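Every chain is named by a letter (A, B, C, D, E and F) in the order it is written, and numbering of its residues begins at 1.
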Amino acid sequence: MKLIKSVIKPFKLEEVRQALTDAGVPGLMVTEIKGYGRQSGHTEIYRGAEYEVHFVPKLKLEMVVVDDLVDAVIEAIRSKAKTGQIGDGKIFVQNVEQTIRIRTGETGEDAI
Amino acid sequence: MKLIKSVIKPFKLEEVRQALTDAGVPGLMVTEIKGYGRQSGHTEIYRGAEYEVHFVPKLKLEMVVVDDLVDAVIEAIRSKAKTGQIGDGKIFVQNVEQTIRIRTGETGEDAI
Amino acid sequence: MKLIKSVIKPFKLEEVRQALTDAGVPGLMVTEIKGYGRQSGHTEIYRGAEYEVHFVPKLKLEMVVVDDLVDAVIEAIRSKAKTGQIGDGKIFVQNVEQTIRIRTGETGEDAI
Amino acid sequence: MRKFLKSTSFALVPFLLFSPALAQEAAAGEPAEHTVFILNSFLFLVCGFLVFWMAAGFAMLEAGLVRTKNTTTQLTKNVGLFSIASILYWLIGYNLMYPLGNWSIGTDESGGYLGAFGVAILEGVGIGADDADDLSYASTGSDFFFQLMFCATAASIVSGTLAERIKLWPFFIFIAVLTALIYPIQASWKWGGGFLDTQFGFLDFAGSTVVHSVGGWAALAGAILLGARTGKYRNGQVIPIMGSNLPLATLGTFVLWLGWFGFNGGSQLALGSVGDAADVSRIFANTNMAAAAGAVTAMILTQLIFKKVDLTMVLNGALAGLVAITAEPLTPSLFMALIIGGIGGVIVVFGVPFLDRLKIDDVVGAIPVHLFAGIWGTLAVLLTNPDATFVGQIVPIVIVGAFVFVVSYAVWYALKVSIGIRVGAEDEVNGLDTTELGMDAYPEFTT
Amino acid sequence: MRKFLKSTSFALVPFLLFSPALAQEAAAGEPAEHTVFILNSFLFLVCGFLVFWMAAGFAMLEAGLVRTKNTTTQLTKNVGLFSIASILYWLIGYNLMYPLGNWSIGTDESGGYLGAFGVAILEGVGIGADDADDLSYASTGSDFFFQLMFCATAASIVSGTLAERIKLWPFFIFIAVLTALIYPIQASWKWGGGFLDTQFGFLDFAGSTVVHSVGGWAALAGAILLGARTGKYRNGQVIPIMGSNLPLATLGTFVLWLGWFGFNGGSQLALGSVGDAADVSRIFANTNMAAAAGAVTAMILTQLIFKKVDLTMVLNGALAGLVAITAEPLTPSLFMALIIGGIGGVIVVFGVPFLDRLKIDDVVGAIPVHLFAGIWGTLAVLLTNPDATFVGQIVPIVIVGAFVFVVSYAVWYALKVSIGIRVGAEDEVNGLDTTELGMDAYPEFTT
Amino acid sequence: MRKFLKSTSFALVPFLLFSPALAQEAAAGEPAEHTVFILNSFLFLVCGFLVFWMAAGFAMLEAGLVRTKNTTTQLTKNVGLFSIASILYWLIGYNLMYPLGNWSIGTDESGGYLGAFGVAILEGVGIGADDADDLSYASTGSDFFFQLMFCATAASIVSGTLAERIKLWPFFIFIAVLTALIYPIQASWKWGGGFLDTQFGFLDFAGSTVVHSVGGWAALAGAILLGARTGKYRNGQVIPIMGSNLPLATLGTFVLWLGWFGFNGGSQLALGSVGDAADVSRIFANTNMAAAAGAVTAMILTQLIFKKVDLTMVLNGALAGLVAITAEPLTPSLFMALIIGGIGGVIVVFGVPFLDRLKIDDVVGAIPVHLFAGIWGTLAVLLTNPDATFVGQIVPIVIVGAFVFVVSYAVWYALKVSIGIRVGAEDEVNGLDTTELGMDAYPEFTT
């Protein structure tokens, strides 16, 4: 089981979610985050004082999937979240040792 | 050391927190997220237009614990977060390689 | 590649971000969380009724870095986020198996 | 409203009897007769729109004191209740409250018990002076407009207490009964020239009892039958449930404070003489003083008792000061207004936890503010108005309280056993906005 | 505003002719001549500040119904448009609207088509009665103040429809044209004594057509040329875009409701007689009833059709009720006001999805509320005012509509092809607050 | 308030001397004497409640411009300061400001320096014309109500500048001194008939100096002693700290704008003649124009200088326009009002960064708006009022400024060295809502 964590541009959520569902991802956690990366650091003015904006609003998606699904998921996100412009985001893959479904007590891949 | 990441229904927070404290979990990170899973997809109407609600408000709990505590934590969450109805949430377990307490510089299990 | 996840006091963000940039961290995800730990449990009164405040506002930083950078990152966070007072936060290190940059499709360390 | 009798009797007195006197007075500098009518009417319109504004005040106060997950519902209730009150007060309430001699039960002389049935009818378009319903008073339209707002105010009080767990439509049904029947009937007893006025000499200038305690009693009956919000009282402890938006609550309080100048000032019912102008001015000044005193008292008390100032209590304190001065905003000196309002502030600081000890869950503190401080205010008339008697104040307080509480309880009970008044347990947890309305108040802020 | 003619003719009539009559009347109890002037002026000032308050109402309503990422821009537009209207109505609009006989095209007798050019000039400081521009009416300053607010109202309507995608400065340019030229010219046709008044006997008391439909037509022209927000219509489906802050939207609606008492009540243009006072009172009562009926109707209809009450529709319903009664708030009985306002509520519940089916994206529902209900209200005059004729109502509706729509379309079009009116696609996605202003409305809430 | 002298002298003149004249005038169409009294009183009440409303405006503006973590505290300060002002102005301020000849130091003739001590006493209940304190003016209650609101306004100005770091109770103590002593004493110099009025012929119609600059000077003294917010100035750079809720800030500005019609309009102090009615109307129109011009100017300037419109500057611009016109809202033409207000807008756009360069941290821009534009407005009287002299304007500006600044500085200093005025560094970082009050403004939105 793998945890796939991905940062995307907020307005891409709906498309990506659709693609992930199609790819068979059973569940998602979506968090509003502030992203810092290459797409940062422009200057704004507030009441006459300049300041640098370091953070950009992003969404973080997390999902746990069976190993076989990892590639399809990566592909789904890649294709849908991509605008080709700086700030599109990243995908990270981590290992997950155990999963439990609270409602039923199922564990492992059944629980995903 | 393990990271236990769990999605629960928001109104269960207080009960779960109590049980986790009792089980000896020393700290927690709680994040408001939008959850997508089986409990999703009902239809609403806004100004005469139908739309599907894909996301449900959930809380994500994250805690790092010593290996020995993992089972007790899972049990604590399972028993308290369960309503038996769809959408109760999941528990995921991942490995953690290192922990540092910022205040003291302690590392490893001492830092948890 | 490692995922470094750290809880800090919100007002330390700017300093820590600066230090991380200096250390060569290319990107960050920042999430507003509620923290529970030793620095918790004081009592407040609302409309004449006492209650315990269990959670304290914190920020969670997540960044994926190449293995070589881990120590420098830990050091940067430790030195900048530290106030010496309870509630300064933690740093957790986890393994990351794969990274993809959505915009370019780059993978591995190139994508970080 | 003081000595309210829309005086058909007066209107019947031959006009000529008055004319010379009036002419003479006019010569002495007094406003011409029509000017008095115009000024009185305009006072009602201006004060009436201020009281209208209180509907917005209640809406914001309550929207600020509920949790976000119930905010849309609370807003909907407030817009809805005002609209329903507007319609039903026209349809039934107004003539029930002001039968002008046409009592269904009772008479003007003996004091009436039940007013007249029939929709409100205004004067025609472009009337001449002879066609005015009561040239010595004000236009019926302005009176209706002003009175309607009082009825709606009583209804607004209820929605705050019962927030976060009551179903939408049963709530509206109760509001319809309250504004069509309960409020007007008891109001007729005093302001329509009914038996509380005639037989007891009851004094309640702008309605500490007639309006505010009525809302409070109706809310109390509902709160008892409805039960507390899930999780409010656990293991013998009170678990505070924080209001989600204190700027809104503060805004609402300022709006109410502003509206109250109209509420009390307009209840002078006249602006056509030097004395009336000076009286309305006194009322404005006293009303403000009582509110200020209530706020300051709550500020000091919460600092002393809880060691920290509690803004929600300060807001409640200002409102309790306003309710307390409402029964007699005219006769007190500014110093007495300060005392009367200040005690209002004391009442909420102790009244809110007191209710909690009884496990009566009043989301916004409407019962301490409107009922407790309303009773206090009605009794406080004794302090400054020599015309008031203890019996003449206490008996009407009890009679109005008993009537409103019993009838409200009956209506709530009927609703409870028929269509139900409370949302399901899980619906409550998920929030009424999701389950009752399917619409979040802040869809982007709360994930 | 009914029968508006700032009556230079009147003012020309030798003063002596009046004096005896006035003196006599005064003896009979009527207000003295100067008192009438004062009361009329004060009515304008009080009602004028209420209508001013509507600018805040629109701002809050719209800020609540857009997404957070466009909120600062929407607020800026609202503050800006009111300010621009204030300046341009003084610079050009006022005399264009009230030429007082000095028509550029047309005459008072035949009915004018284009008013006078020149800035607005008020009466001097500390004038005596002889220096009043029209002693039988009201001070020019109060009239200007009141009229200006109507002009600004028409402009406010436009900003809601076009929210979340229009560029700031092109929007302001349009507002300048609207408030300097479009609104005043067509308003002169009726209220300035122009041809719609003279030749058609068109009746539009407070401006269902002259103000509200004008805003609606201008908005419609803009919406068509601007196109819908990205993502609103996808694959033949309507994708709802939720308002971000319903308490603000509700507050805005209450503010508008309150302001409307001034809007309709002040349009009586007089408070100096018993009849005028009673009329203004009727208007207040009817205005309130129509709003309440619109809200209740929308509440019931959304419950029946969608199975859940839709707060945003209820708010729109109240406003549609208000717009509907605006063409004739005086002659209806309260019952007829209920019917007229209630139908306003029906109109929005069906009008909003109807527009969506046409893929015309109206962010706040301004077109159903102000245009559709405005047309209905103008026709509804026929129900209660025997002076109205079908032709006299329908033809002006069409003429005003055609004029405003065509000219607005031309202006929008010119802006579109010159400097452009729509922000870039990515800018729209990121939100106008970031791209147009670089300033978040709630920088801490939205990550 | 222009030429304010509550004229005991006048009241002493034998009534008979006036009577015939009045009777004659009445015959010529003027309002009867009592009518004048009623209209004047009513003007005060209406304008007074509008100025009351400004308290809500300041509260919302400031709540919107601070960070969420300090919002509850800011709201508490605003409710508290108004309440404290209400009590202390009654207790001490009113008679200190209007000694009616009973100067503690000085006389009416030579010009007073220190007024009378004693609580405010209103006229009795239901007075006849003979018992009016000043039949030629207005009821004392209405005057007190109106004047009180001005005092509270001066206090409101202070809270904005010092937000986000000042302790609650020390702030309240200062407000008590300000409203009991500082404001009334200097106000007596002009409006109470004191030496600035008598000896300098100082002109300040509604208080650009007497009210607004006073708030500004008191705020400036506090800001200097209090120091900037942590993190505002770092390494010689200004680090902007964004306001958390711009819709609230915008709402607050609209509320202030609305209230200002009462502020300036009521300062005419009379509505009982054609001239007064026309003058109040001029004032309303000019006030609106100045605000609009301030907003538009700020809009254009921020676009030109910063390349993007800055909403917070536009809001400040409107307010600066209002402050600027306050010293003389009557004599300017609409065009001059536009110029005067527009320059107010220029002042804030440059004044805000200017203060920052001095490292004086003014959270909401109250010093540029109320002090800088207040000075400008007081000087601008010279442009349109031939009675004004340069010396007569500049010397009072300096005297008032010196007095208020020095005394305020002393009081702040005494507070600082005794109980302290600033919260601890960590408390400031955590937010005053947590540390001072233990209550979040939006507990659910901010994690």
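Observations on the model:
Note that in this section a contact is a pair of C-beta atoms (placed from the backbone, for glycine too) under 8 Å apart; a residue touches a chain by one contact, two chains touch by 3 or more.
The model shown is predicted, which means the values in this text are computed figures rather than measured ones.
Least step count on the touch graph, chain B to chain D: 1.
Summary of the copy comparison: rotating chain E onto chain F for the best CA superposition needs 120 degrees, to the nearest 5. Interface equivalence for B-D, evaluated over A-F, B-E or A-E, points to A-E, where over half of the contact pairs coincide by residue number. Two copies of one chain, chain D and chain E, form a contact in which under half of the residue numbers belong to both partners.
Between the CA-based centres of chain A and chain B the separation comes to 18 Å, rounded to the whole angstrom.
Per-chain Cα centroids separate chain A from chain D by 53 Å. For the pair chain D and chain F, the distance between mean C-alpha positions equals 32 Å. Residue positions 31-32, 35, 46, 242, 245, 251, 308, 310, 312, 438-439, 442, 445-447 of chain D each touch two or more of the other chains. The set of chain B residues that touch two or more partner chains comprises 30-34, 44-46, 55, 85, 94-95. Residues of chain B touching chain E in their complex: 44-49, 51. Of all residues in chain E, only 238-240, 242, 306-308, 310, 312-313, 349, 352-353, 356, 365 touch chain B in the complex they form. By the touch criterion given at the top, residues 22-23, 31-35, 37-38, 41-42, 44-46, 48-49, 52-53, 55-56, 59-60, 63-64, 71-72, 75-76, 78-80, 82-84, 86-87, 90, 119-123, 125-129, 132, 135, 138-145, 148, 168-169, 245, 248, 251, 436-445 of chain D touch chain E in their complex. Considering their complex, residues 26-32, 35, 39, 43, 46, 50, 67-68, 242-247, 250-251, 253-255, 257-258, 261-262, 265, 271-285, 288-289, 291-293, 295-296, 299, 303, 308-312, 314-315, 318, 330-331, 333-335, 338, 442, 445-446 of chain E touch chain D. Looking at the complex, you find that chain C touches chain F at residues 11, 32-34, 44-46, 57.
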